[in-house]
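Only one structure is covered here, and it is reproduced in the block below.
All chains are identified by letter, namely A, B, C and D, in their written order; residue positions are counted from 1 within each chain.
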Amino acid sequence: MAPEIAPRTATVELTFSPLPVHVRTARLVATAVARRGGVEETLLDEVRLAVGEACSRAVEAHQQQCPAEPVRVELRDGADRFEVVVTDRVPNDDPAAGGTPEVSPDLAELNGNLNLGFAVIAGLADDVNISSTPSGVEITMSWPAKKD
Amino acid sequence: MAPEIAPRTATVELTFSPLPVHVRTARLVATAVARRGGVEETLLDEVRLAVGEACSRAVEAHQQQCPAEPVRVELRDGADRFEVVVTDRVPNDDPAAGGTPEVSPDLAELNGNLNLGFAVIAGLADDVNISSTPSGVEITMSWPAKKD
Amino acid sequence: MDLKVSDYTTDDDLTVINVEGEIDVYTAPKLREKLIDLVNKGKYHLLVDMEKVEFLDSTGLGVLVGGLKRVRAHDGSLELVCTQERILKIFRITGLTKVFGIFDSVDDARENRKKQK
Amino acid sequence: MDLKVSDYTTDDDLTVINVEGEIDVYTAPKLREKLIDLVNKGKYHLLVDMEKVEFLDSTGLGVLVGGLKRVRAHDGSLELVCTQERILKIFRITGLTKVFGIFDSVDDARENRKKQK
């Protein structure tokens, strides 16, 4: 787990084999946990879509480079933000550089232009951070959450 | 991961802070993954309930003994069985011995008689294995799954 | 998904508790509080209507068993209305069908109560 | 949740594709195959009716863009019917409202097509 987790933050973590079908599971879990974490109903669509995009991207990257490794989604239900971290294990893959050169044109089309995915994430998350580390790409997104 | 995983088995793993609310998330995920994994609709109720019972038990054990440690649920979508493994990190807690002595009577009532939970699991899962290891208790349950 | 609990008392002094939603490890405390509260108010004849219960786990069973113990300490009763097969199954698996009177409707339970008097 | 795709061709030679459900990384291949199939059959004027789409992600957008490229290679068109704000939002965020003709109904799209002839 990342060091920045506050001690009282409740977390749910999902890891899954890099298959498109599990992106649906990730959307389902993220939406359910966000709802309970106090994210407003009107924002849940954005959470669902942004998390789906980040996971689709990770699944695609893993399928090409490390199909045996799972994709990881961490959901942090913090004091006033609901935070989602999607981590892939494809080292030094610069997501913002636009497309992976080895992708066949068909697959690239099928999975959409990678930049479309990022455009969606950037347009939907309240706050986004994309960091490319030697062990993989980490996309952190967050939304405001109300506690009652 | 346990050694018995077949190489082609797709897995989804969920870990969560030991809070009752996350038992709902676990039920939700287990049911969704089981459905997609080809478990018959008529068995999904059993999956939902048995996974909920195993997670409730683990949450209770963690709350008493290691509230900072997460509970883990592994969903293995194998060739002809859908398998769920719920693992707690409470060492040498013999679940079948019936009740943890330190529990206040109220909490014990609230969380049901531990044996009721096991009765439910045993009555619902097609196949159950409970193993108590030095690192915690592992409940493995499985149901038949059809691939199409 | 969440649990709604409400109650009313009939003129033959039976308190009917309507439970709607999921009774699980997360919501069971709410039902437990309701049962304790009623017993504290001197209501010792309880009938829990489970017809709108969508999910029940062993925590919920534990709360019902706890309620039964409480009312029995006052010579009371705790009975159930339940016709849903998926819920009945859980009572059957755990052997609790032998512990609770289970009726098909509130009227059936009231009828039975009159007979016993 | 899953994706249903069906189509029919009007007498003014417009092929309407009805899409129902979620267009995402899991189901998009199905829509892609349908588009390719239609183009292979010589259908170059496509109208995708998105009114029953419940979810659309960038993979779905990619498939629509891919379809557009294919029909354009034959001087064709690919337009959309969409009034759902949550779906329109995704086209707007990605700038694709400028790329696709988007209509309020199949009739509107047909009307527009007649005018352009």
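FYI, a contact is a pair of C-beta atoms (placed from the backbone, for glycine too) under 8 Å apart; a residue touches a chain by one contact, two chains touch by 3 or more.
Computed from a prediction, not measured in an experiment: that's the story for all the values here.
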| item | value |
| --- | --- |
| Farthest chain (mean CA position) relative to chain A | C |
| Inter-chain centre distance, chain C versus chain D - centres from mean C-alpha coordinates, in Å | 54 |
| Length of the line joining the C-alpha centres of chain A and chain D, rounded to whole Å | 27 |
| CA centroid of chain B to CA centroid of chain D, Å | 44 |
| Sequence positions of chain B contacting 2 or more other chains | 21, 24 |
| Touching pairs among all chains present in the structure | A-B, A-D, B-C |
| Chain D - residues contacting chain A, complex | 1, 22, 24-26, 28-29, 32, 55, 57-63, 65-66, 86, 90, 93-95 |
| Contact footprint of chain A on chain B as seen in their complex | 10-17, 19, 21-22, 24-25, 28-29, 32-33, 36, 68, 70 |
| Chain D contact footprint on chain A (complex, rising order) | 20-21, 23-24, 45, 48-49, 52-53, 56, 59-60, 108-113, 116-117, 119-120, 123-124 |
